[in-house]
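These are the structures, in structure tokens.
Two complexes come next, and they have one chain in common, subunit A, joined by subunit B in the first and subunit C in the second.
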Partner chain A sequence: MYCLWCDQEVIPQLSWTNLLLPERTRNICESCENGFLLLNGKHCLKCSRLSDETICSDCVKWENDPTWQGVLSFNQSVYSYNPMLRDVVTKWKYRGDYLLRDIFQYTFKDVFDDRFVKWEKEAIIVPIPLSEERMLERGFNQAESLAQLLKLPYQKPLSRVHGEKQSKKTRKERIDSKNPFEIKVQVSHPVILIDDIYTTGMTLRHAAKLLKNQGCPEVFAFTLARG
Partner chain B sequence: MKGNWHLLAVSYLVASFTTISINLLYCAMIILLYRHQRITRIQCIIIISSLLIFLSALILEQKESPINSPLPTPHSSNLSGTIVSSVTETDNKIEFQFKEDKSDQKTLVTIFKDTNSDQDYSSININFGAKCTIIGKQEIPQPSKNPGQFNFQNYLKQKGVSFQVTINDKKNVSCYGSSKITILHKLRSGFLTSTDKKLSGYTSSWLNALVLGDDEGISEETVEAFQRWSLSHLLAISGLHVGLIVGIFYFLLVKLQLLTKEKAQNLLILLLPIYAVIAGGAPSVWRSSLMTVSFLLLVKLRLRLSVTDVISIIFLALVLYDPNLLHQLGFQFSFMVTFALLLSKKIISRPYSKWYIIFSISVICQLSILPLQINQFYFINPLSIFVNLLYVPYFSFFVIPSMFFTFLFTYLAPPLSRVIDDLFKMIHQPILKLLMEIDEFLYFPLILGKVEGFYWFIYCLFFYLFMKNLEKNKSNLVLKYGCLLTFVLIFLAVKPYLDPHGSVTMLDVGQGDSFVIELPYRKGIFIIDAAGTMSADFVTPSNKVYKQVIKPYLYSRGIAKVDSLILSHNDHDHVGSVPFIVNELNVKQIVVSKYFSFSEETLEILNQNKIPVLAVDAGDEIIYGDQSIRILYPDMDKGTTNENSLVFYTELGGLRWLFTGDIDEGIENEIILAYPKIEVDVLKIAHHGSNTSTSEKFLTHTNPKFALISVGDNNRYGHPSLEIIERLDKFNIGIMRTDIQGAIRYKFKGKIGTFFSHLPYDN
Partner chain C sequence: MNMNDLFTSVRSLFTPTYDWIPTSKNTNTTTDDTFSLRFSGKLLLQSEIPLEPSTFTHLVSINYLTPVIAIEKTPWGHRCRRCGVHKKRMLAFMPCAKCGKTHLYCRNCIEMGRITSCEPLYYWTGPLPSWTKQVKACQWQGELSRYQQTASEQIVTTMKRGNDELLVWAVCGAGKTEMLFDGIGKSIEEGKRVCLATPRTDVVREILPRFRSAFPDTDISGLYGGSEDKDGTGQLVISTTHQLFRFAHAFDIVIIDEIDAFPFHSDPSLIFAANRAAKPDAARIYLTATPRQKQRQRVESKKLNAVFVPVRFHGHPLPVPTLQMDFQLKSSLKKYNPPKTFFTWYKNRSNPKRQLLIFVPTIKLAEEMVETLSFSLNLTENNPIYHVHASDSNREERVQQFRDKEFSILITTTILERGVTFPSVDVVVIDAGHSVFDEAALVQIAGRAGRSPNDPTGEVIFFHEGKTNAIVQAVKSINLMNKRGGKL
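Our next item is the complex of A and B:
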């Protein structure tokens, strides 16, 4: 097996940890993988941002705003959005190297299973949709392709109106923007939203608000990276 | 298969157990790994099918093996075949393995040299690969006759040898031809003799051991001290030696610009296998040389393979080439330690201090071979970890490099080699002396005895979890499993104290007596008599019986302390091993009759070790807990040692026992008169079954059911007398004798017990 990122051959190293249980086939070598920053240290419990406080100032702001209070129960991210991850996501998402998703194959599922064990049975997994135009342009929905890694059924009750890319907007523009989602089907179960990156949390909150207004009891988010 | 070669190596290991349940368990584990996508379908198929192939091959081989099949009757007279091993020659003998053409069986041939006449043995052309005709009688090697004793038969069997032949006249051997490898064997013996000639005996003995893999020259005392302190790995050429020698060699070639790096590497690839043969070809030498060659080849071919894969492939290659290797201790130790260290790469490559690293290597080595160590030697020496910390760096940085340079200089610059020679002596002697001092004052072994496989399973589990958490840096779990690991060892040490079984063991010490009584719950250990032998000169006492029989038995039972050493009378075949026992074990007291007089040498040793002597008289009773031993005789000085034999009575495991030393009929009659009502179940037949004792009258009077006869195989006194055997048969008394059955052990719980013989009865 060759590393999906650096193309070097991956030589599995046997140690006490994987003596009895061999590792799953790695598609990224150890040194590339060490470039990612897994969020298992101190981070905000509500939005996964690297922080010494249990609830970061950003989340305090969100929760003090009566419009957004309690809309999103929490967001769990897998990695911090560091330069290494940004490079990988850029190549994957914008330059269409679809296979790079498999770098996150196991970790994405492992972290999900670990965090959402309480809700996994009951909740419905919903990837954040793309607008039709964006879908045509990109060829795949990154959120949906991540959701597929979870090997669980997912639903698509939302659709999206075409607009400017979130990544091209400033924070202020994002927060002031109007809700880009429309709801097609009502959902009465809790929902776990899946997306690639949580930056301000606006997109996820827009989707969550819509779902909640239509009778969904609780909304969580699970994202690959926390910006 | 990349990254998973160890699973294939393990499947060979599992197959070698040939137990179906273990094999099935392994299959299940492999399938489970496949189901969880940890190995691919192809890997799964390869592993399971090779398990089946290994298993069927090993079962087939077992069936064909000479020990399990009815033996092709050993031939006498003319044997023709080929020499299949290197030839070892010492001052008094020549030894080699010989494969007979007709039966295809290997035989160990020992030619004893006639030391009186100055005969030339090189003329008979004994070389590896030579075709030989040998006139001699094939014999089946001696099996072990006591629990814990070294089993020569098994040892040879593990090397694939089923017979041995001893030859005293060189006329009985004629050989011609040789194989090409002989050149290397000859080169080796040439090197060995030339270092002996060119250097001082002291230095050459170390050089021969550390560079050429021949430790004949190192004193037994040193070898044993190294063994006691788990330093033997320094004496056997292994990864450390090969690594250092290769390193120095490469460095010299490249830095002195004799060769380019490329060429130096090529040369090493070529030379290392040759070196492995020259260095004696022990498993550890082959392992480390082949590993080094593999790494050099991988670099050359631009292939990448993990180290664990390399060692697994070499393991498979070696055991497939010679399946007997797996049973050799050196092979097991070498692979076990190396594999454990390779697994611990993450732990020992942490950026901590050098001492931390050396310490953790030392600990990992000791812990990983602990089951092998205890199964073989029955003890561990916890402090050896610290001694390793001193001596491993000393050997790595000083002894091995200087020996290698001395070796080079004896050929390149002889005067320089003599300088190093003196320097080496000056440094090495005091440092070894230090080890002897440590050995004298700080040797506190933990004698655990023979341990059942179940406990090793538990031990290995905890060791694995310990290492796993150490790797993950989870300190609280490391602490927990470290404690559990220690607890297992402590439990093994106290286990005898929880065992309700007791035993009486008549050891097979040849012509002589030695009994060991173990009370239930380890409440007391008594030894009755400790036979000794003489050296070849018939004058100096030899420690052979102690070393080969008594000590291994006691160690295998986890015994380090003797509560009472009871001596019947002062004859060498009853007390010859006393000085050795007293010096090495913790003896609380010695019990003798009042009419027993020690030799001056023995008295001195007893005084040195401050051992109290209890002199008892007829009518006395020794009480030990709730065990009582009644002394029946002697009641006065009878003149001879045999007649003065201590006679005593005790009850153990529901039976009444009478120990009689070497008394004769006259004393028996006196006992009958003095104790008119005495009846026993087990009678130790006096004087090894001589017809001067065990009268019909005595048998009628004491009415025993069992007779114990401790007697040497084919002894020159003709013991036991046929007359006595017939007499015992006539009285319907069950006879148990050491010459035929090996050690006899009566194991009991409460008042019920069973006699076991070490050898099967029909042997």
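Our next item is the complex of A and C:
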């Protein structure tokens, strides 16, 4: 097996443990894997950002705003959006190296199963959609391909209107932006939204608000990285 | 069928072919169309062709741009036609929203824009550009040495004949660029298109002004990562080998400088791109001071013509490295100190006025040794030591300052092993037994000394902890070249 990121050969070390209990095949080498920062330290309970407070200042702001209060129950992210992850996401999403998704294959599912064990049965998984134009440009939807890693059924009740890229906007522009989503089907179950990066949380909240207005009881978010 | 034919036919299944590149059907009509200047010889994705959609469809409909499949099927799998990669792990599947199918894409050259099975590459098959006729293209006034002259004549014949290869095996500092002038000039006068490619950006930057002044009336493009010229529309293209990924059947003459240098010799996709950039009947000239095993074997078995230039342009022999054993080398290096024997040598240098170029195996060592060395040599702030390495942002500037003699000691990694000229330096290699210093690297490093006719000797000294094959072979091959130069 060769590392998906640096293309060095990964040679598994043989030990008594993996001789008796064969491990999952590693598709990334150890030194590349160490570049990622798993969010398992002290973090904000609402948005997963590394922080000493239980609710970070960003989330306090959201919850004090009557328009957005309680719209998103919480966001769980897997990694911190550090330079290494940014490089991987850039190549995966913008350059379009689809295969790089598999780097997150196991960790993404493990963290999900851990955090959403309570809701997994009744909740519906919904990847954040791309606009049709963006979809044609990229060829694939990164949120949907992440959702596929969970090996659970997912639904696509939302659609997105074409607009400026989120990553090109400032925080203020993002928060003032119009809701880019439209709802196609009503959902009456709790929803777990899947996306690649939680930056300000605006995109996810737009989607969550629309779902809630149309009768969805509760909305969570599960993202690959916390920006 | 005899054995030889069998081998050739099996081999041909493994080697890439370029017969899929369409030929231009409009060769006779020459127009001053800017499109033909911009796109002829190029192999591009639609996204790389900055035209209005209507203009683009028009050019396709009149067969000026011909689509070709971007990922071809081979007997053993698939191959990307832009970078030539055929490894399974580099060609992966993706679901595509555009065509609704799951198909291959190339991971190897993805930084240049994704190549997929469902999107073609476009090749220019419209009229070819016509270059301004020149009677005397080369305005260079210098004189060639006897050996340079012989090589230059061979280069001219090879270029004229076309469909041939020539290896120019010339020692470091032989004056390779000057040997090319005559041949390139004559080819340009004949209306041929010439490409001079080298693996290293530094080299492109250094030789570009020399060519601009030698060929003042020729349209010359310089292509390297970060160059202002992106199109490469000139009749003479001087570029890094990386920039050839967008060319196909473009050049009548392809010259590859430093054919043995990293990354060219170890990256099959660069070799693929360089071969594709040449027309099928092109003349190919390879320049090197340190040919690899592969090329030497081809020369020895007479499959590749070669011409030797065993003497530097100033006629003096190559400086032969002195080997200095130091048992405490590793323990000194742990503290980022140069070995003790280095200081003994430093105090007794034959010409202390020379600048000093120190090669170390790692970036870390280069950085740390700046301080330890200035401390041990008691250097003041007016007499600083600097270091350069590959990821250094002000590398160019530092090298230029060193060339201008603004400071006297430069510590470097192998990044400066070739292509750079300092007039009067002593060269030191610390830990010459390290695996980054292979034979070619050591010969090239030794070749940094004694480049100028005013100071043609220069000391070269290798500090090591035990001779490696590379050290022995490097000294041997330098001696051999000197001997050949003396005998001929």
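Some points to look at:
In this section, the second predicted complex is superposed on the first by the 220 of 227 C-alpha atoms of A that agree within 3 Å, B and C clash if a C-alpha of one lies under 4 Å from a C-alpha of the other, contacts with A are read in each partner's own complex, and residues count from 1 in each chain.
We adopt the following convention: a residue touches a chain if its C-beta (ideal position, glycine included) is under 8 Å from a C-beta of that chain, and two chains touch if they have at least 3 such contacts.
Quick caveat: nothing in here was measured; it's all calculated off a predicted structure.
Once chain A of one complex is fitted onto chain A of the other, the partner contacts of A:E9 are limited to subunit B, with no touch recorded for subunit C. By the document's definition of touching, of the two partners only subunit C reaches A:M135; subunit B does not.
Once chain A of one complex is fitted onto chain A of the other, the partner contacts of A:D87 are absent, as it touches neither subunit B nor subunit C.
When both complexes are overlaid on chain A, the residue A:L20 reaches subunit B alone and has no touch with subunit C.
No residue of subunit A lies in contact with both subunit B in one complex and subunit C in the other.
Contact residues of subunit C toward subunit A in the complex are 89, 92-98, 105, 107, 110-111, 114, 116.
Residues 2, 7, 91, 95-99, 135-136, 138-141, 145 of subunit A are the ones that touch subunit C when the two sit in their complex.
Those residues of subunit A lying in contact with subunit B across their complex are 9, 11-17, 19-25.
By the touch rule above, subunit B contacts subunit A in their complex via residues 2-4, 6-7, 33, 37-40, 304-306, 308-309, 342-347, 464, 467-468, 470-472.
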